[in-house]
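Below, chain A partners chain B and then partners chain C, in two separate complexes.
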Partner chain A sequence: MSITLDQVTKHYGGVPVVNDVSLDIGDGEFFVLLGPSGSGKSTLLRAIAGLTGVDYGRISLHGRDVTEVAARKRGVGLVFQNYALFRHMTVADNIEFALRVRHMRASHRRERRRELLRLVALEGMDDRLPAQLSGGQQQRVAVARALAHKPEVLLLDEPFGALDAKIREELRRTIREVQRELGITTVLVTHDQEEAFAMADRLGIMNLGRLLEAGVPHELYSRPATRFVATFLGAANLFLARNGAEGIHVGAATIASHEHSPQPREHEVVAVVRPEEVVVAATPAELGSRFVAQGVVDEMVFAGALERLRLRLEDGSAAPLLATADAAATPYLEVTRTQPEQRAFELHPGQSVAIGVRRVHVLPTPLSSFTACAASSAAAETLARQPLLAELAARMKTRIGIRPEPQLGASAAGPEESAPFVGATVISCEPQAAQRAEWLLRHGANEVLVLPAQATVPQRVLIHWMDEAVRPATLAVSESVLRHVPAEAEYVGTLSREVAQELARRLSEAPGQMLIVGVSDLARFAERFSPLLDGGRWPVLVVHRAPS
Partner chain B sequence: MAGRLPVAAALAVLQGDAATRPGQNTWLSALVRWLFIATSLAFLAALLIAPLVTVFAMALERGFEAYLVSFADPDTQAAIRLTLITAAVVVPINIVFGLAAAWAIAKFEFRGKSMLITLIDLPLAVSPVISGMVFVLLFGLHGWFGVWLQRHDISVIFALPGIMLATMFVTFPYVARELIPLMQQLGNDEEEAAITLGAGGWMTFFKVTLPKIRWGLLYGVILSNARAMGEFGAVSVVSGHIRGLTTTMPLQIEILYNEYNFVGAFAVASLLTLLAVVTLEVKTLVERTGYRGR
Partner chain C sequence: MSFRKPNVLPGFGLTFGFTIFFLSAIVLLPLAALVLAAASMHWSEFVAMVSSPRALGSYRLSFGASALAASINAVFGFVIAWTLVRYEFPGRRLIDALIDMPFALPTAVSGIALTTVFAQHGWIGRYLEPLGIKVAYTWLGVTLALTLISMPFAVRAMQPALLEVQHDLEEAAETLGAGRFYAFRRIILPTVLPALLTGFTLAFARAVGEYGSVIFIAGNLPMKTEITPLLIVIHLEQFDYRGAAALGVVMLLMSFVVLLAINLLQAWNRRRHARAAH
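Here is the complex of A and B:
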């Protein structure tokens, strides 16, 4: 491996900007780190270069642990977004800088400089000053300068950010050619997904300091594992679907997806439908693919090769599209159509159409949606506006359902509605919260989130499972939560008998903590967990899986 | 009403409203421009040019020979020497301090950073007389370190060290103040690039940072030097006015003037003025070259 990152973590002012990143980059690989601004990708790159130290974790280059090695001795080449050329030196002096540092003979330097200038197609520019060059040319010089000392690793920090589209494309090609010719391991940081697709052998996607997924661009696009990657890499419509015995139910359609394993018990899943996989036709019969719902064309935008549509779904309850956390917002469906598709079926705004899908991808994420549950619907609606819940739902791009259960917590009676509890069920931290949580878990809820009224986004998440059977489920839920909050995770190991007291003590040690706890045995649940949940001060997410 | 109209229009011009619009308001903006230029020129003529002319007129009142003879006075020569020595010592120290302070403020985050920035400005805000008094209180015979200094036979006040300390105090902000915004604006990227290319700390400083900030540094040095040579208040308090020993040029001018030796006084004044004018000329030149170089 050329670059190996092992649990690299970096804080700024207590906030983790790079959070537990582990990654292997192979020899000669062109790896792209993609993420929105503030996702920690540049910090990670600077950590590899040695310009930023890490608080935790190891960094190795070609098997050599360089975590404690100074930047100047790491032997990397770094290219900055704003070129960072030495403005008072000529192009030649800029390129030869690293060779001068190494006391290379003048004739050898000249030879190497010629070679590099040829590589970046800037022959004859030796005596110019950076100010006399265009942005694209300056960046070429910066690339040549970074390669002068034959580094083992080339790092590029948003190198095209300051360039216009045409030059950007040209330089992209140059860099890719140079990289192939030299076979140098390269890491490029960008927030532009088109650029990432164009250049990457492999792609890593970062958000909130975490590396969410890494893989081949095509794989990540067609089979993302997380909501963030699904929506950040290209556009995606997120549906709340039901995964049952016959297949995945999306709206009116049942799709037997090849990636789907039939489940005995129906449960809610998040399904991704790319805009180009949506088909529209006048009637369901003309679709040629499975009918999902009826819709109305709300907006049409001509975008050159493609046409972008925004469809408003009719009968929203039948097709529960994942809208924003605001349940009142109309769910829209994004669709793109090619020119032939447009010619085959012309549309105009306001037209009613049948909507079908060609391909559905189900995310393996365990947290599909939230349902605020309370004794009355007014109380449930108040709970749905709780700041942490609203924030989580907004970040997960999911909805918060409302479910009044007058018998909530009463031991004898069952749920009012026959429908199963889907997603994570949320209850407030009132007295007897433990009893209510047990009631929900016994009546089919898999995850119960107990929320204090003032709880905000946690800075640290404690994770504990009561026995090995729930470990995978607890970890999966924890990962899902941690992808959406910039918090540190801490696994709490084996505890003494009084687990709840012990966890309560840990939670009270510092402010802004949250607990995710996995249980498989519900015997005496309310009794055991009442110190943790009843009138508690901390958000607690209980994950329950019955032992198989 | 008619009288108020141009005022309102001028305000609009000042607010950048009319000035950006062509057409009917152009005559007005021309008027405003002329008004501003005339005011500043009149101000300059009354307060700057007239005194300058007076200085040279008085110095040459009894002819060029008398003017030259004034410089033959050993006390005057000693004063010139003292001023030059002080500047020669103080300015390099200011460069070191200014670079260190600017580097610390521009490149690092640390506790008390805003405090440091405020403190650097302090000498510009405090009256020079008070700056001098501080040193008398510290190092004078009845000051905090007075007894200790006397026991070890070290004289600070009424001697060269005191003059240098006082001069340093009033001049140290200039280099730092010139460099801080410049270094903040230029950022760290070039230095970081140099480091990744294998350069060490000194090499990065001399090959990358120093060439980058040289014009700003030179500008700060010039200002600092001008003030060091011309400082009166602070030096006056600590010098003790011992003729031929602790009088700098500004102090010597005062002494000669008080003795009704107008030609002598104005001759030294003219030399000081010349030094100032030359300094400012160099500054202008530096500015011009510097901006072209950037």
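Here is the complex of A and C:
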């Protein structure tokens, strides 16, 4: 491996900007780190270069641990967004800088410089000053300079940020060619998804300091594992769907998916439908089993080869669509159609159409949605406005359902209607919270989130499972939560027989903590968990899986 | 019909006229009057006046101490400017404002303040005395006063240039294998050299013309701690206007030569880079 990152973590002012990143980058690989601004991708690159120290974790280059090695001894070449050329030096002197530092003979330096200038297609520019070059040319010089000392790794920090589209395209190609010719392991940081697809052998996507997923572009696009990656890489429609015995149910459609694994009990999932996988037709009959719901054309945009449509679902509850843009109050379905599709069925705004899907991808996320549950619907609605819950739902791009349960917590009685509990069920932290949580868990809720009224986004998430059977589920839920909050995770091990008391003690040690606890055995649950849940000041997410 | 380039300020004719008028009325005319006053002397009289041992001693002190003060300010002014530009620390704005104090203070006040501190029984002077270091009433005191009053010129000249030296330049040098000293010598220094020279020039020019602060701390012993501006004032007090004018002309010439030399150095430095471009 050329670059190995092992649990690299870096804080600024107590906030983890790079949070527990582990990654292997192979020899000669072109790896792109993609993420929105502030996701920690540049900090990670600087950590690899040695310009930023890390608080925790190790960095190895070609098997050599360089975590404590100074930048100038790491053997990396770094290209900056604003070129960072030495303005008082000519192109030749800029490129030869690293060679002069190493006391290379003048004739060798000249030879190497010629070679590099040919590589970046700037022959004959030796005696120019940076100020006399265009932006694209300056960045070529910066690339040549970074390669002069034959570094083992080339790092590029948003190298095209300051260039216009055409130059950018050219320079991309040049850098890709240079990289192939030299076979040098390269890491490029960008926020531009198109650029990432165009250049990457492999792609890593960062958000809130975490590396969410890494893989080849095609795989990540067609089979993302997280909501963030699904919506950040290209456009995506997210549906709340049900995973049942025959397939994935999206609205009225049942789609047999090769990803579908028959479940003993139907449960809610998040399904990704790419805009190009949506079909529209005049009547549901034309779509058959692919028919999802009726919709209305809201907006049409001509975009060259493709036509972009925005559809509104006529009955939002039939096929729950999640808003992908943060601000969008009403979620829209995004659709792209090719020219043949447009000719086959012409549309105009306001037209009513039948909507179907060709292909869905189910996210393996265990937290599909939230349901605020209380004895009355007024209380449930108040709970749905709790700041942490609202924040989590917004960040996870999911919705908060309302479910009044008059019998909530009553020892024997079941729910009035037999609708299953889906997603995570949320109750408020009250004196009988433990009893209510037990009631919900016994009636089929898999995850119960117990919330104090004042809780806000946690800085630290404690994780504990009561026995091994529930460990995978607890970890999966924890991962899902941690992807959306910039918090640190800590596993709590305890030998104490009174686990709940011990966990409560740990939670009370510092503010801003949250607990995720896995249980498989519900015997005497309310009694055991009363110290933790009843009137506590911290959010607790209980994950329950029956032992198989 | 001529084409006029639109501009916020009135056109070339008007601004050039103003430039000439102002330079003439405020700079050139008084200087010409000075030369004229000196010219009314006989040549031999003039030479005798400006090359008397007392005058020569005063030049040595004035220009020597000014050059030393400007050099000190070039170095420490650079450090101060660097600290203010590069680091964020509590009280940075306060220190930034303090830099300008010597601008605003009547120079006599600076002189009195310095004398209070550095005189034989002053706050610091009393500790330097046993070490055999005398500040007040020596050339050291003169240099100290000149350093104090010319410091803001050096700092303010360098600050904008240091803002230009972005941190990534050092980081780029570092990833290319350069140590700190190498990066400073090859990257930072060449980038700020023009500003450094400008700072030196301004500090030097200010120091040469300084009068108020020096006379309090210098002691004004002829040949030892007497600066040229003081000598001029002494001549004036004796109603020897022509003598004063003669010394003034010499100061003017010497200052002009020094400033011209530095400006040529700057131009040469700029041309050197421009030449590299062809």
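In the analysis below, the second predicted complex is superposed on the first by the 536 of 548 C-alpha atoms of A that agree within 3 Å, B and C clash if a C-alpha of one lies under 4 Å from a C-alpha of the other, contacts with A are read in each partner's own complex, and residues count from 1 in each chain.
The rule is simple: a residue touches a chain if its C-beta (ideal position, glycine included) is under 8 Å from a C-beta of that chain, and two chains touch if they have at least 3 such contacts.
Source: prediction; values computed, not measured.
**Student:** Clash or fit: chain B and chain C on chain A?
**Tutor:** Superposition check on chain A flags a clash between chain B and chain C.
**Student:** Is A:R118 touching the first partner chain B, the second partner chain C, both, or neither of them?
**Tutor:** Neither: A:R118 stays clear of chain B and chain C.
**Student:** Check whether A:R72 is in contact with chain B, with chain C, with both or with neither, and answer first, second, both or neither.
**Tutor:** In the superposition, A:R72 touches chain B and chain C alike.
**Student:** For A:T90, using the defined touch cut-off, is the partner it touches chain B, chain C, both, or neither? Pick first, second, both or neither.
**Tutor:** second
**Student:** For A:N82, decide between first (touching chain B), second (touching chain C), both and neither.
**Tutor:** both
**Student:** Considering only the touch criterion stated at the top, classify A:R537 as touching first (chain B), second (chain C), both, or neither.
**Tutor:** neither
**Student:** Scan A:R505 for contacts with chain B and chain C and give back first, second, both or neither.
**Tutor:** In the superposition, A:R505 contacts neither chain B nor chain C.
**Student:** State whether A:R145 touches chain B only (first), chain C only (second), both chains, or neither.
**Tutor:** both
**Student:** Please work out whether A:Q132 is in contact with chain B alone, chain C alone, both, or neither, and reply first, second, both or neither.
**Tutor:** A:Q132 contacts chain C only, not chain B.
**Student:** Thinking only about the overlay and not a real complex, which stretch of chain B clashes with chain C: 7-15, 25-33 or 223-231?
**Tutor:** Superposition on chain A puts chain C right on top of 223-231.
**Student:** So which bits of chain A does chain B touch that chain C touches too?
**Tutor:** 49-51, 71-74, 76-78, 80, 82, 84-88, 97-98, 101-102, 145-146, 148-149
**Student:** Going by the contact rule at the top, pick out the chain A residues touching chain B in the complex.
**Tutor:** Per the touch definition, chain A meets chain B at residues 49-51, 71-74, 76-78, 80, 82, 84-88, 97-98, 101-102, 142, 145-146, 148-149.
**Student:** Tell me, which parts of chain A touch chain C in their complex?
**Tutor:** Listed in rising order, the residues are 49-51, 70-74, 76-78, 80, 82, 84-88, 90, 97-98, 101-102, 127-129, 132, 145-146, 148-149.
**Student:** Could you pull out which chain C residues touch chain A in their complex?
**Tutor:** 166, 168-169, 171-179, 182, 186-187, 190-191, 273, 276-278
**Student:** Can you list the residues on chain B that touch chain A in the complex?
**Tutor:** 189-190, 192-200, 203, 207-208, 211-212, 293-294
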